[in-house]
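Here it is, the structure, as structure tokens.
Note that the chains take the letters A, B, C and D in the order they are written out, and that residue 1 is the start of every chain.
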Amino acid sequence: MLRFAQFGAGRIGTIHAANLASTGATQLRYVVDVNPAAAAALAAKHGAHVTDVATALGDPAIDAVIIASSTDTHAELIIAAARAGKAIFCEKPIDLSLKRVDQCLAAVKKAKVPLFVGFNRRFDPSFAALHARLARGDIGPVEQVIVTSRDPGLPPLSYIKVSGGQFRDMTIHDFDMARWLLGEEPVEVFAYGSCLVDPAVGKAGDTDTVMVLMKTASGRQAHINNSRRAAYGYDQRLEVHGAKGRLLAGNRTPTTVELADGASVSADKPMYFFLERYAEAYRAELAAFVDAVINQKPMPVGAEDGRMAIVLAEAALKSLKTGRPVKVN
Amino acid sequence: MLRFAQFGAGRIGTIHAANLASTGATQLRYVVDVNPAAAAALAAKHGAHVTDVATALGDPAIDAVIIASSTDTHAELIIAAARAGKAIFCEKPIDLSLKRVDQCLAAVKKAKVPLFVGFNRRFDPSFAALHARLARGDIGPVEQVIVTSRDPGLPPLSYIKVSGGQFRDMTIHDFDMARWLLGEEPVEVFAYGSCLVDPAVGKAGDTDTVMVLMKTASGRQAHINNSRRAAYGYDQRLEVHGAKGRLLAGNRTPTTVELADGASVSADKPMYFFLERYAEAYRAELAAFVDAVINQKPMPVGAEDGRMAIVLAEAALKSLKTGRPVKVN
Amino acid sequence: MLRFAQFGAGRIGTIHAANLASTGATQLRYVVDVNPAAAAALAAKHGAHVTDVATALGDPAIDAVIIASSTDTHAELIIAAARAGKAIFCEKPIDLSLKRVDQCLAAVKKAKVPLFVGFNRRFDPSFAALHARLARGDIGPVEQVIVTSRDPGLPPLSYIKVSGGQFRDMTIHDFDMARWLLGEEPVEVFAYGSCLVDPAVGKAGDTDTVMVLMKTASGRQAHINNSRRAAYGYDQRLEVHGAKGRLLAGNRTPTTVELADGASVSADKPMYFFLERYAEAYRAELAAFVDAVINQKPMPVGAEDGRMAIVLAEAALKSLKTGRPVKVN
Amino acid sequence: MLRFAQFGAGRIGTIHAANLASTGATQLRYVVDVNPAAAAALAAKHGAHVTDVATALGDPAIDAVIIASSTDTHAELIIAAARAGKAIFCEKPIDLSLKRVDQCLAAVKKAKVPLFVGFNRRFDPSFAALHARLARGDIGPVEQVIVTSRDPGLPPLSYIKVSGGQFRDMTIHDFDMARWLLGEEPVEVFAYGSCLVDPAVGKAGDTDTVMVLMKTASGRQAHINNSRRAAYGYDQRLEVHGAKGRLLAGNRTPTTVELADGASVSADKPMYFFLERYAEAYRAELAAFVDAVINQKPMPVGAEDGRMAIVLAEAALKSLKTGRPVKVN
């Protein structure tokens, strides 16, 4: 029985707590949130106690923590949890600043605690199956990777302002996907970014429409395209080209119904957004974390993965600002 | 809080109990099964008590029952539960004999208790969406219905021998689908049946490969094709033609991965069998039953639906034996 | 150089003449039609002469004839062409009356001339590829066949009145498809027919919406569904189930364009009607006829195929009238 | 009746001559080729005469020329044909050198003759339909364009050496597609290129695997991915994102046959290469040229289009060499 404390009782925290309950072999003992009502509701639902960070981390019975609070609290919580010797599941990103990320990694390394970074997409059944087929050589060595990732609609401007920008907030998932699929680290990033969805985004200093190119030392190439708005819903696709063929993973739809009428043959739009599309991925990533902690396996998505995604996001941002490709070490 | 007793703790009973738990607003109080170990395990999992039929039905605190025991026990349990005034969720079929079905319906009518027959496919998200679009007129009046329903593999011969035959055991779902989609009652049934999968099935007096035609009074037509074996998995599709177009609902796949290589462009086979394909349907049907009981709504799949499916199965069997179309009243 | 006379200069005759020209190694020498203007136009286009039946058949330089005139003239022309020793390509059907068909077959047999019946669908690239894969055993022995064949819209009532009825005029192609795919002759036919598209069709003594079941001696089964009206265009699909899998051949579309918008993900309707969908099939069947004549190969679709399709159509009509299955010898 | 001279009787010249014949209203009078046998064969097929450039261009009866000879002869022939006042259909590219392209354009402008550059893909039925839907506003203003273009296999090294490199030889089509779809001129190009298919290509100074990004003045973005080798055949797809949705145009397949078996559900690979995939496009582009000449319409793909594709190819090559984005004026 693995005992958990969870920081954050908002939308994503609620999902993690429910998935934790469904894994079995775990107990959610504490919930901590700046919003007492949210903390109380979630704690009540799972038979946990509302408490504060110090109490939660100070309880030696706690084995692991879930960090699902706002991004600006992640680093502090990781460092504190590491010092307290807890296994850590942290929502992406570790932090918006690479310097802060490195402090977290140092703390985790020093404490020798496992850190899992919540790149949930690696656990999407279709994406995981694509990766497994790459790994078993279905298309031979990878040559090019294309990641399509488009949100159904703009988040509130208030969110955009604190998000760290589109690359750190949105593309970060796609940087992780590209690294994971390339099988080699990118050594250079080039990016274009525009405001085509809403000029208010640009006034807030951000982009809403980006394209990225990356290459690896051996000459593999990756492309990412993002938009903050897709009229047809959440567009999440992977495409990998290798010496022996091509692997695609497409969108999922609510139903398989198809209508043929005088106008066209039409089918469902993709599932609306990440809560729908990645419901299984959220369950699977938490199960993988629990399994890795219990069975002392290496974390399937670790501290270095969290760091590299931020490194690539910063490089893309620098490329956007300078108009030049940016080397990545 | 609706209190339940459940009869049957086997594979499908385990699913119903889990789905019951997930509906909220319900409590599973009793589990009854001829296998004490199965009953104990399921009861333990859901905080229920193992008991016998008389005790379960005799407890005035019990509001509703789930009948998920073997088919030959359904009728007796329905009659007993009706007399005890319980709301009844019964796995299909009500009984293999129409006479016995009618006795059940009489008991239910007399006791004025609601009876829900577990035609889970009506609650499959794709099939439900297709039906909703029919209902709102997307393709105008229905003209022809085609139901494709093929199992991945033969059940054990021991099962086939007590199953009541392919029409009553397997096609029964498709008879319900056809009625539901036609929007009118079939008035005649014609059937062909062969043993093409395994001659042992024929020796046991059954078929493994059937085709059915049905028509309604206004001239609407339906076709059903069934096989006990589909090398590629569970093939479950609906096709409806109307004056203004065509609606299809296709198979679902585990993933959306597609491989293009030197041989072909290939994708996943359909989900393996009913537990995978209809997982959501099982959840939704139980939620619909609970909702109907709590809010005193009409049962979405009622006693008459259960009866008509058996009527059509018997007609198909008679058609197969006589080589002629059989009228249905 | 194979020299041709062609009877019929209407829509389908124009297509055959153009395809004949594209085969090379042929020359269209005569065109005969009751409409002098049509005959003159087609003859002019291909450098042929307008003439009458007697002259065309009396010219010993003529090797082969294309019969693309109205159905009621087919039998007489076949018999005359056979007596004149010409190789014969005849549009389906040979005749609407089985008795007349048998007279044609006797004449052809006596004269030892080759007769090709224009079941063009066997030459559709997708249908031909499906059949080739059946033949090479991709899905093992055939168990069930489903033929979907739906026209985009009702023909004029004047046409329906002389068409011989839906079974002889429309389903005849599907009877041929079913025989070809079953790999065994049907021994029994059962049919439903309704007037759901237009009551005027019923007043003219015909149906517009039919479903057929057939079985073979070994228990293989086939289903055909037809409608004279599909709002979304020409629906032409084959589905074959065997011991090792399933083969489908679907519709073809004008383009591969797909639109995803706020409403749905939509694609093209199927190609509009037979001239579009079967353009390649018409070319390929005539090339196959020419090849068979020149190289003295057996006709790929012969007299017996033309006869059996009529036998099945008559059986279906008798089934519709009697309400019973009809044996086929 | 438009009279043509054609330069080049090789593979693509043979296609153009056949398509010319099928347009009607044209006559191929002269064929010129460095290979006398090829010229004679093509001339014989179409009732034309073999001659030399001077004679062909000197004949005042010639209205138009088709330039389908080797790339290094295009510019000279364009200039000569322009001086002779002929309408010009020229295979892409105009020339590998921008300077030479500009000389051609000057000659054409001075002579006021129409010049059509053979960007055949604009006439592919799917791509043309996608463009038409963009133009009518189906997805609102364009935001991002993705062009996927992958050849089935490496051309001979001897070809690669004289091809002008992958950007000028292969990507040139995709630069044209991107411009056409963006609806604005690119102002900057960034490119990566590698040798992942065959190191011999690299030794010859070329790439076989490239990715390109481009942006327009208003911030629209385009991505191109190319490989000289796709194990599954010719991969030709367009994807356009706009404010109101997404348009895709996918690959075409030889048939619609789909096999479901114990392994997967599999379908045809894409059509093998450009001769198969773009057969209709080649016909349509020549018909468009003939129509524009006869009816004095503007050329649908003109001199400036031919020039801009070379400008973008040169910019991509410069980007590859310098490692930096390159401005385009």
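Note that in this section a residue touches a chain if its C-beta (ideal position, glycine included) is under 8 Å from a C-beta of that chain, and two chains touch if they have at least 3 such contacts.
A quick note: this is a predicted structure, and the numbers were derived from the prediction, not measured.
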Please identify each chain that touches chain B as well as chain D.
A, C
Give the chain pair, either A-D or C-D, that is connected by more C-beta contacts.
A-D
Cα centroid separation between chain A and chain D, in whole Å?
42
With centres defined as the mean C-alpha position, give me the chain A-chain C separation in Å.
58
Using the touch definition from the top, which residues of chain D touch two or more other chains?
139, 230-232, 235, 244-246, 259-262
In the complex, go through chain D and note every residue touching chain B.
230-232, 235, 259-270
Looking at the complex, which residues from chain B come into contact with chain C?
139, 141, 143-144, 146, 150, 190, 192, 194-197, 209-211, 213, 215, 218-223, 225, 227, 229-232, 235, 241, 243-246, 323-325
The answer for chain B against chain A in the complex is residues 125-126, 129-130, 133, 138-139, 244-252, 254-262
